[in-house]
Amino acid sequence: MPLLHSAPAKTVEVNPLGERVTPLSGAELMAANPYRPWPARITSITDLTATEKLFEFRLIDEAIREAFRHEPGQFVELSIFGVGEAPISISSSPSKHGFIELCVRRTGRFTEVLHTMQCGDIVGIRGPFGRGFPFEQMKGHDILLVAGGLGIAPLRSLINNVHDERSEFGKVTIIYGSKNPSEVMFRDQFEMWRHRKDFDLYLTVDHPDESWDGEVGLVTKPFEHLELDARHTYGAVCGPPVMYRFVIDEMRKKGIEYDHIYCSFERHMKCGMGKCGHCQIGHQYCCIDGPVFNYWEAKNIQGSM
Amino acid sequence: MTTTELSGIGVRGQGRPARVVVASFASCFGCQLQITNIEQHLMDVLGQIDLVYWQLTDSTPMPEEFDIAVIEGAVTTEQAESQLKELRSKAKAIIAIGSCAVTGGVPGMVSRDFYERPSQVYPKVPHACGKMITPRPVSAIVNVDFETRCCPIDPYDFVVMLQRAIYGSNKLATTRTLCSDCKRNETSCFFEDGTLCLGLVTSAGCGARCVNLGRPCLGCAGLSPSANLDSARQCCERYGVDARAFDERLQLFNQTNPAVEDSDR
Amino acid sequence: MLYRVIDAAELPLLVSAFMQQYEVVAPVKRGRSYVFDAIEHPEDMVLDYPTTSASLKKYFLPPKETLMRFNAQTNRVAEHTLEVPPRVIFGAHACDINAINRLDQVFRDGTYNDPYYCARRDATLIVGISCTPADSCFCHLWDADEARFGYDLFLQDIGDRFLVSISSVEAANILESACNPREATDQDRIDFRHATRRRQASFNPGIPDIQDVAMLMDAFHKDDFWEELGSRCLSCSACAAVCPTCFCFDLQDRLSPDGKQGERYRVWDACTSPQFAQVAGGHNFRPEGRERVRHRMYHKLNGFLANHDRMLCVGCGRCVKACKADINPVKVLEFFKQKGADDASAA
């Protein structure tokens, strides 16, 4: 056997700060340690409802900010050091660069702290993660978007993306259901859209008050008078777990194909990279295989619905 | 003990250090004392809070306003019960520390047939302690936000919990039981030589400290809300341990737990 | 693969040679069982050991590992460097090497390479050794009784010699400098074949061989069996702690006592842990032991197979011993064997 020469054993180092001799691009920096959150400043906070706020963040590092590109339906891991990390879906459209909007409900220990933060405060962001809505594939088709409650948060990214590239799509129908008028988010934007000819918009609430002049009833109600070219329509659904089956049933009744119906699932994605296991649904990982699945895929995952 | 979720919401964001009181009910005062055992870090911890009352060191009355109440000890008198309710009404967050406060602990051992006990011990029951009621953990009377378990507490665990109360944290209180800690520590299982150990049903979190010292778990961290007592009894039988000994051992720290109280005697 | 033969008497020389450059980790006796631990002398290790109580994954995915430090006041990442010393794991069984190969598929997936795992993997050499199956071993059922890759050297015990498979340059160098490796003779090859046959023949025949278990699990997803099995679960996650392929973890923050700095670390977690699938707001997608135990078994015997074309179980049998409630994959196999017997008698 020939005598072989190799380098002696050496210590291997990992440094989350990722300092290197050669300068790395933003994408390379992010890939070098995907656990590393990048500092982002809160640049705007809008109260949407009593429990929901829309936060706008700007990544501080320019290379990272430039490299950050997302698809509608993807999420980020938001860090408040000491408090922890939480997966939050991106509400802003990929067509807008330079900032990230997250619509956050005050619902747990992390979001409780986030809601106390002010403009100018620093958080950490890593991502984007996951598989979003197939935007390119949807082009050239009619679109039916159905959101219930906080489900508008991830769907707004798609809605605004469609809006910004409106000419690429056929008929666009949006159904957005809430419990009460006070829980309707982005109401100003949607009020404006109600008068537009290029969007069929149905805002519906379960329990109206005297101020409400939209639809009344469950989010499935507008389906009664909905006219669709089902074979050329993509559906997208996001909302509380109980809503999916009913909305998907309606979409199926209208004749939309199994694999043209997309839904976004909620799980606790802790790492965002298909490793930590927390977001597993059956054999799939919500964080890398989803969070957006088409209905055919979802039907094939044990425990998805 | 209730199995409801601890709220775990911190008091952060008020622009001044959190005002903390430390109060004690039926206990040995050991957990309060244990806090001082963080020694070199004590000033670091105190630097983050405004410690407005500490029962161990204060003879002045407790102030009217504060943010966090740290509570040691089991509730054993009517006076303690009303004082606890008052603490709850004033505090934004309650941290229960030590077995007595979290599980009823040693004072809770006598909770069964409690009212017959004092006269069995004392010819004339003394009044100095107040009107006695069946010993209960803090969470049986008021909502608890954070818990530092074990007898005694680990002072570093307490600091972590205090910081979670101050700054907030999305970490959940663990509900898994202890055995996986022994697997991580690679210590041998007591059941394999037929020795009873309460790790089967006890909340994890201490890192299996007693087992690391060669002693089986006595359950001072309290039963996990997910404790599976029936299955644990079957495990005992499978490994040649008398299930009655298991039930008896549970009385040491978990007598007031409804799952133990309700189980067949 | 390159093969050479060394005498068993040369083994301490090989270990000593590794010790000059590497920390050497090997099986040692501790209490009633065996564990992997760093050794000081070649004679400290016990190479004819039954499966260790915990697996090798701690050297690649430690039970608790700091990922970064942070400044809590500025909310920014602070300086922190993980240094992984060069290490040799000496005496790994085939099942454990196959388990590491599966971890590689997750942590070196090509999309999101885990820098911490990769650093440890890159700094570690693995020397495997052949073994004799214990009663709880069923690696052969999942094709994990032989390590085809994932090691630097693999020692096949053929009596007073070892047939050594040589996979890496580093290990080849050390082998050659420390021992006197020679070409295998016909007798060596005959002895190797006999040793292999002996191992294959000594598996516990009581463990049912159900090769289509993944498909059967899909068909019996709603069977009462899962309630029987899962209702026994003690929620301790000992199974995941000893499992060489369980990799689930949690990410947590901890502040320094003064609250100014802190660390973000990962700790082992387990899908059998009650809050594992809980989301913000408190909803738990798998609140019952039945659902959690079933999920774990599915990920092991069905789900990972669907994604990676191999089981996430290597049949090491550690969970068989660790689970005090007697929940393990063998019970799943026995259930399907019983189903088959019931069907046959019903027909």
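List of remarks:
So that you can tell them apart, the chains are marked A, B and C in the order they are listed, and the count of residues begins at 1 in each.
Everything that follows uses one rule, which is that a contact is a pair of C-beta atoms (placed from the backbone, for glycine too) under 8 Å apart; a residue touches a chain by one contact, two chains touch by 3 or more.
Nothing here was measured: the structure is a model prediction, and the numbers come from that model.
Chain centroids computed from C-alpha atoms place C closest to the centre of all protein C-alpha atoms shown.
In terms of the distance between Cα centroids, subunit A is separated most widely from B. Of all chain pairs, the one joined by the greatest number of contacting C-beta pairs is A-C. Subunit B and subunit C have Cα centroids lying 37 Å from one another. Our note on geometry: subunit A versus subunit B, Cα centroid distance of 41 Å, whole angstroms. Residues of subunit C found to touch two or more other chains are 72, 252-253, 255, 259, 278, 280, 282. With touch defined as above, residues shared between interfaces to two or more other chains in subunit A number as follows: 80, 82-86, 108, 110. Residue positions of subunit B touching 2 or more other chains, listed in rising order: 163, 167, 169-171. Residues 1, 3-6, 8-17, 32-37, 39, 79-86, 107-108, 110-111, 121-124, 241, 266-268, 270-271, 273-278, 280-283, 288, 302-303 of subunit A touch subunit C in their complex.
Chain contact summary for the complex, subunit B toward subunit A: residues 8-10, 12-13, 163, 167-171. Residues of subunit B that touch subunit C in their complex: 5, 38, 41, 44-45, 47-48, 156, 159-160, 163, 166-167, 169-172, 174-184, 186-189, 191-193, 199-201, 204, 224-228, 231-232, 234-235, 238-239. Contact residues of subunit C toward subunit A in the complex are 2, 4, 21-22, 67-68, 70-72, 74-77, 79-86, 106-107, 109, 111-112, 114-116, 119-120, 122-123, 169-170, 172-173, 176, 181, 218, 221, 247-253, 255, 259, 262, 264, 266, 269, 271, 276-283, 285-286, 291, 295, 298-299, 302-304, 306-307.
Across the complex, subunit C meets subunit B through its residues 30-33, 35, 53-54, 63, 72, 231-238, 240-242, 252-259, 268, 270, 272-275, 278, 280, 282, 289, 322, 324-326.
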